[in-house]
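Both complexes below contain chain A, partnered by chain B and then by chain C.
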Partner chain A sequence: MVEAGQMALLISVVVAGYAAVASFLGATRRVPELVASGRYGLYTVPVLLFVATAALVYAFVGNDFTVRYVAENSSLAMPKAYTWVALYAGNAGSLLFLAIVFSTLAVAAVLSMRHRLPYTAPYATGIMALVLTFFLAVMLTLANPLERLAVSPLDGQGINPLLVHFGMFIHPPLQMAGLISVAVPFSIAMGALLAGRGGRDEWVGLGRTWGMISWLIMTTGLLLGSWWAYTILGWGGYWAWDPVENSALMPWLAMTAFVHSIMVQKRRGMFRMWNMVLIIVAFTLAQLGMFINRGGPVPSVHSFAQSTMGWLFLFFMAFTLLGSLAAFIWRSGTLKSRESLDSMLSREAVFLMQNVLFLAVAFVTLWGTVFPIFSEVVEGSTLTVGRPFFDRVNGPLLLLLILLMGVGPLLPWRRAKARTVIRSLRFPVSAGVAVGIGLVAAGIRQPVAVVAFSTCATVVVGILHEWLRGTSSRHRKGESYPLAFGRLLAGNRPRYGGYVVHLGIIMLAVGAIASSFYSVQRDFALNPGDRASLGDYSFQYLGTQTSTYADRDETVAEFQVFKGDSYLGVMRPFRAFYPGFRISAARGAIRSTPIEDFYIVPSDLDREGPAVFRVLINPLVWWMWASGPIIALGVLLALSPQRQPAPSTLRVPSRLRPAGA
Partner chain B sequence: MGARTPEHGALPRTQEMLVLIALLLALIPAVAVLYPFLRRRSVSRAVVEEGSTEAELARRWDAALSGLKTTELEHAIGNLAQTDYRLLREQYMTEAALVMKAMDLGLEQERDLLSSVRREIRSVRIRVVGPDGPTVCPACATPVEANAGECPECGRPMDDAGAMDSDAEPPPELPEEAVGG
Partner chain C sequence: MKLRCGTLARSAFAIVLSGLLLAVGCTTQYGVPPLERRAYELDKAIMCPVCPGESIDQSQNPLAVQMRAIVLEQLQEGRTESEIKDFFVERYGTSVLLEPPASGFNLVVWVLPPLAVGAAALALFLTLRLMRRPRTDQADIAGEPAQLSTEERDDYFRRIEAVLDFDAPPGAPAPTRDQ
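Then we have the complex of A and B:
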């Protein structure tokens, strides 16, 4: 079975290479058979990779430690459920995972565009096949997940204990899939550019759809990553501006700008060059993310998939960046916009400002991420910039973005009079100001936090106000409120889907703002029986219990927790030591409510004397995790098909038809 | 920790099996990439559509219609002042008229198309204000009560006729580049 998988891998790289060459040649020489041949070849790549993946799973399930990757990433003690995690836990396996995900996405993308974009599709197919060929070639030559060992061990090394968590079932695959999925809208855009059709906007519909799919995958991956860090890493936080976190955030920011900006091109035929630049930037940043994740030069806590092959990814990034810039310059003449910006008081102007801000945050984050390299070159020592830098620079920019998120949808396309804008904004802004005053009256005195919460309130009230007006209007005509609301949303799904996403983002922002400004933490040294308190919470440390398992020694601490006079229950944070990996991991105990999280982390349970714990109260963090499904729902609503009036009644006079049509 | 020797490749029969599997695996893409050359007729037809003037006009038509619908929605929910609404509506109507002028449509087809546009726009307003809510005059964009027989501003009957009707102000001459030719 393993050998069959190896052969499937070998054949898949040949076929992907052929698909790239046939698609480009067929497109440039205008040979439809060659184009179709390349396309059909690409269709078979996921099938071949499925065979390779099945071979690897078979080796995992059968504990075939003659396969190097299985020996390095599993053990006899590993529960079989973690085979799925082990599949991408190491470098070689994650490459195979990336390849099968990307090949499947590529086939879906080609199927979606082969009739709608017959000129663009061959080039886009060629680009996707080229990306796939690179991944497969690297895997086959440098990190073959099906490579046999000359001498095999009786038991495997086991899986990295930090990965043994439910979040790991979803976060890494989605994160990897998110980064590679950027290649799909990139390929469609570049395909249109190479075909000389970048200025004709026919690619925009599919580019937007695939951009939003990619954005959704990345968003979910980022949220799950934060959730994993919060619940398993045991440091009480969810975002540390770690280089790998940043490397996932940067393409997300660029893609967020892209999915907004592409709407302007769709609607107004504007921002054609800008959108090409955005998607090139997004793909480049996605590749940078893969490079940093795979042995890049910046230090990171995400080291499980590291290798020395990172530089190959950097080389490929430079190759695709230069190639796409060359295509951009070559075809820039075809990218002239149909129209120009009518007024700065218009939705497209807000989109432009928001785009600039998104890119500003992305480049600030990039600078902070690569700063250690520059400092080493210039100063001779590695200096890292930490959270204060990112918070101070990105914080105001993100706040401005949230404000624009509230203003933009309330402005019409093309132009608006100042009076109209004031009228549209007066209610949400008044509500935001009222919230600010209320917060100050309630004792919240941090000026930045008050402004941030007020801004969020402005956005939410703007959205809800529009929904309320629409729903009430329909309700007055006899529809029940739920029906009226449902029909309002269904009537313009892209718009209202976007609003739902915005609400999700506000939930995320509120959690981040509250926990950044009002998180309380204190370290306690406690002996069994000791009582202590933090905020409204009081707790009694009952003692520890140590158990030995096949792969770890686990020390569980036990607390009785009260809030005021109410008994909340027993909380059990623990520390585990994994001798096989020489890793000691802490798992906090969290009591989570929509108001706040009470969080106990065991810092030191092994030393003589009292045990040391860090106790935190993190307000409103629950809302961050709750935002995920809301955001997903919004994207799905925005992408759901809506009946379009068929333009089939249009007929072009023969004098206007191109020759041969 | 002990060690054991891998057993792969030990038996000739296994090697025969591997060759067979390799051939079977290679056969899948081989058939796929050769198929288009064997069935030439099925692949060469679609490549003319994307860049055609028809497709370009259809896209411009969709954009104009989409703009009209959004303008209607913004106005219905109160985001757009009457003057901005009129201006935007006129711009999108002009674009739609330019596209229509480039079509070689018969009178009947033109009427059908106009009716469908009006229905689309009206349906947007109905989604917000309901079927009995106030509407606007399709010719001068003045708000009109639901059951009014004619527009109080311009006197036009509130039936299927509209701003793009044949006796409405004619659209400007069609520039060459407007049809993408």
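Then we have the complex of A and C:
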């Protein structure tokens, strides 16, 4: 079985390489047969990789420790369910995972565009096959997941215990899939560019679809990652501006800019060059993310799979960046905008401002992440750029973005009259101010928090106000309210899907703002039987129980928790020590409600004397995790196919038809 | 019209109210002694030397636990935040601070982002102005209609706005779809 997998891997790299060459040659020489053969080549890659993956799973399930990767990432004691996690827990396996995910996405992308974009598809196929070839070649030469060991050990080393958590079943694969999925819209855009079709906006529909799919995967990956950090890393927080977190955030930022800006091209035929630049930036940042994650130069808590192969990724990143820039310059003549900007006061202009802000946040994040390297070269001493820096520099930029999120959708395309703008902003802004005053009255005195909450309120009211206006306008025509609302949403799905996503983002923002300004923490040293209180909560520490498992020793602390007079139940935070890894992990106990989370982390249970616990009250964090499904729903609504696309421009002024026809 | 205003007012009230309800979650500081609160703030700015990237507030490493205790102790002795930071810098080097000091070469890390954002804003403004300048080569793009006169254009936009305007009087043509 393992040998069959080896064989399949070897064939897959050859086939992928062939698909790249055949697609490019067929496209430039205009040989349809060659193009078709390249395409079929690409179709076979996921099948071959599936065979290889099946072989690896087979080796895992059969505890075949003659395979190096299996020996390094599993053990006899490991529950078989974690085979899925072990598949991507190590360097070699994660490459295989990336390759199979990307090849599947690539096949789906080629199927979606081969009829719609006949000129672009061969080039895009070639680019995707090239990326795939790179991954497969690196895997085969440097980190073959099916490599045999000369001497087979009796038991494997086991899986990293920090990965043994439900979140790990979904977060890392989604994160990896998200980073690599950026290559799909990138390939479509570059394919259109190379084919000389960048100036026709035919690629935009699919570019947007795949861009949003990629955005959704990245968003889910980031949210699940934060949730994992919050529930398992046991420090009461969820985001620390760590290099690996940053490296996953940067492509997300660029992609967010792209999925907005592409709408301008779709509707108005503008920003053609800019969209190319954005997608090149996004793919470059995604590759940088894979590089930093894979033995990059910046120390991080998350670095898994340390290795020198990271530098190959950097090299490949430079190659794709230079190649795409060269293509961009070569073909820039084909990218003239169809329309010119009518007014600074228009949705187009706000989109561009938003894009620049997103890139600014990405730049600051990149700058803070790589600055320690410069500093080491120039100063000779290492330096840390951590959370306070990012909070201080990115915070205002992010706040500005939320503000734009409130203003932008209310502005019309082309141009707005100042009067109209004031009329549509009047209500949301006054509601935001009212919320601000109410918050101050209620005792929220942090100026930044008040401004941030008010901004969020403005956005929410703006969106709801628009929904209400649209619904009641339909209602006046005789539709019942639910039907009117449903038809309103279904009538312009990209727009209303976008609104739903915006609402989700506001939930996320509110949770982030509240928990960064109003989280309360305190350390307690307690002996069994002691009582203590924080805020409205009081709790009694009952003592610990230690139990030994095959792979770990677990010390569980028990608390009885009360809020006011009502008994909330028993909470059991614990610390586990994994002798095989010499890792000790704390897992907090969380009681989560929409208003606030009550969170107990054991800091120190083993020392002589009282045990030390950290207790936190984190307000509104629940909303951050609840935003995930809302965002996904919004993206699906925005992507769901609509029979007749909204007309992008109206240009029949001399023969004006009756309005509304 | 009357009904609509009523709905608006009610929904506005509901939204403001729910905003305030959310605020319930984050009001007071729950009586954590000020000194301890200062210590936690300071913890967040100091890196744990053996767990790269993590603050001593975040890390559960024994060294971090020890350093937290030192921070609290020194605050109790009346030292200021900057004195305590200096104390750790002396022992572990500048890299122990999560926020790089704004001096010497490290000033660059602080200065560049605002400069870059400023430059980007300027570039954005210039680009927008450039894009707004009416194009002369529009006529030769196939299928592009001739330039409109101002009256034609205004009339055109007025009619579109009439269709899109939700507040339009009932006599106005009903919109079939918004935007």
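The rule is simple: the second predicted complex is superposed on the first by the 641 of 661 C-alpha atoms of A that agree within 3 Å, B and C clash if a C-alpha of one lies under 4 Å from a C-alpha of the other, contacts with A are read in each partner's own complex, and residues count from 1 in each chain.
Heads up, the rule we're going with is that a contact is a pair of C-beta atoms (placed from the backbone, for glycine too) under 8 Å apart; a residue touches a chain by one contact, two chains touch by 3 or more.
Predicted model, so just to flag it, every value in this text is computed and none were measured.
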| item | value |
| --- | --- |
| First (chain B), second (chain C), both or neither touched by A:Q560 | neither |
| Contacts of A:A8 with chain B and chain C, given as first, second, both or neither | first |
| Chain B versus chain C as contact partner of A:F517, first or second or both or neither | second |
| Touched partner set for A:T334, first chain B, second chain C, both or neither | neither |
| Touched partner set for A:S538, first chain B, second chain C, both or neither | neither |
| First (chain B), second (chain C), both or neither touched by A:V51 | first |
| Which superposed partner A:R469 touches (first chain B, second chain C, both, neither) | both |
| Shared chain A surface residues [contacts with chain B and with chain C] | 412-413, 415, 420, 469-470, 473, 476-477, 488, 491-492, 495, 650-654, 656, 658, 660 |
| Partner chain A, residues of chain B touching it in the complex | 1-9, 18, 21-22, 25-26, 28-29, 32-37, 40, 43-44, 46-59, 61-63, 65-67, 70-71, 73-74, 76-81, 83-84, 87-88, 91, 99, 102-105, 109, 112-113, 116-117, 120, 124, 127-133, 179-181 |
| Footprint of chain C on chain A - complex, ascending | 234-235, 237, 240, 242-243, 270, 299-301, 337-338, 340-344, 349, 352-353, 356, 359-360, 363-364, 367-368, 371, 374-375, 378-379, 381-389, 392-393, 397, 412-413, 415, 420, 427, 431, 434-435, 438-439, 442-444, 449, 453, 457, 460-461, 464-465, 468-470, 472-473, 476-477, 488, 491-492, 495, 510, 514, 517-518, 520-523, 534-535, 584, 586, 595-596, 601, 603-604, 612, 617, 619-620, 646, 650-654, 656, 658-660 |
| In the complex with chain A, residue positions of chain C that touch it | 4, 7-8, 11-12, 15-16, 19-20, 22-32, 36, 40, 44-45, 47, 51-55, 57-60, 62, 65, 68, 93-100, 104-106, 108-110, 112-114, 116-117, 120-121, 123-124, 127-128, 131-135, 138, 141, 145, 148, 152-153, 156-157, 159-164, 166, 170, 173-179 |
| Contacting residues of chain A [partner chain B, same complex] | 2-4, 7-8, 11, 15, 18, 22, 30, 32-38, 40-41, 43-45, 47-48, 51, 66, 114-120, 148-155, 197, 200-202, 266-269, 410-417, 419-420, 423-424, 466, 469-470, 473-474, 476-479, 487-488, 491-492, 495, 644-645, 647, 649-654, 656-658, 660-661 |
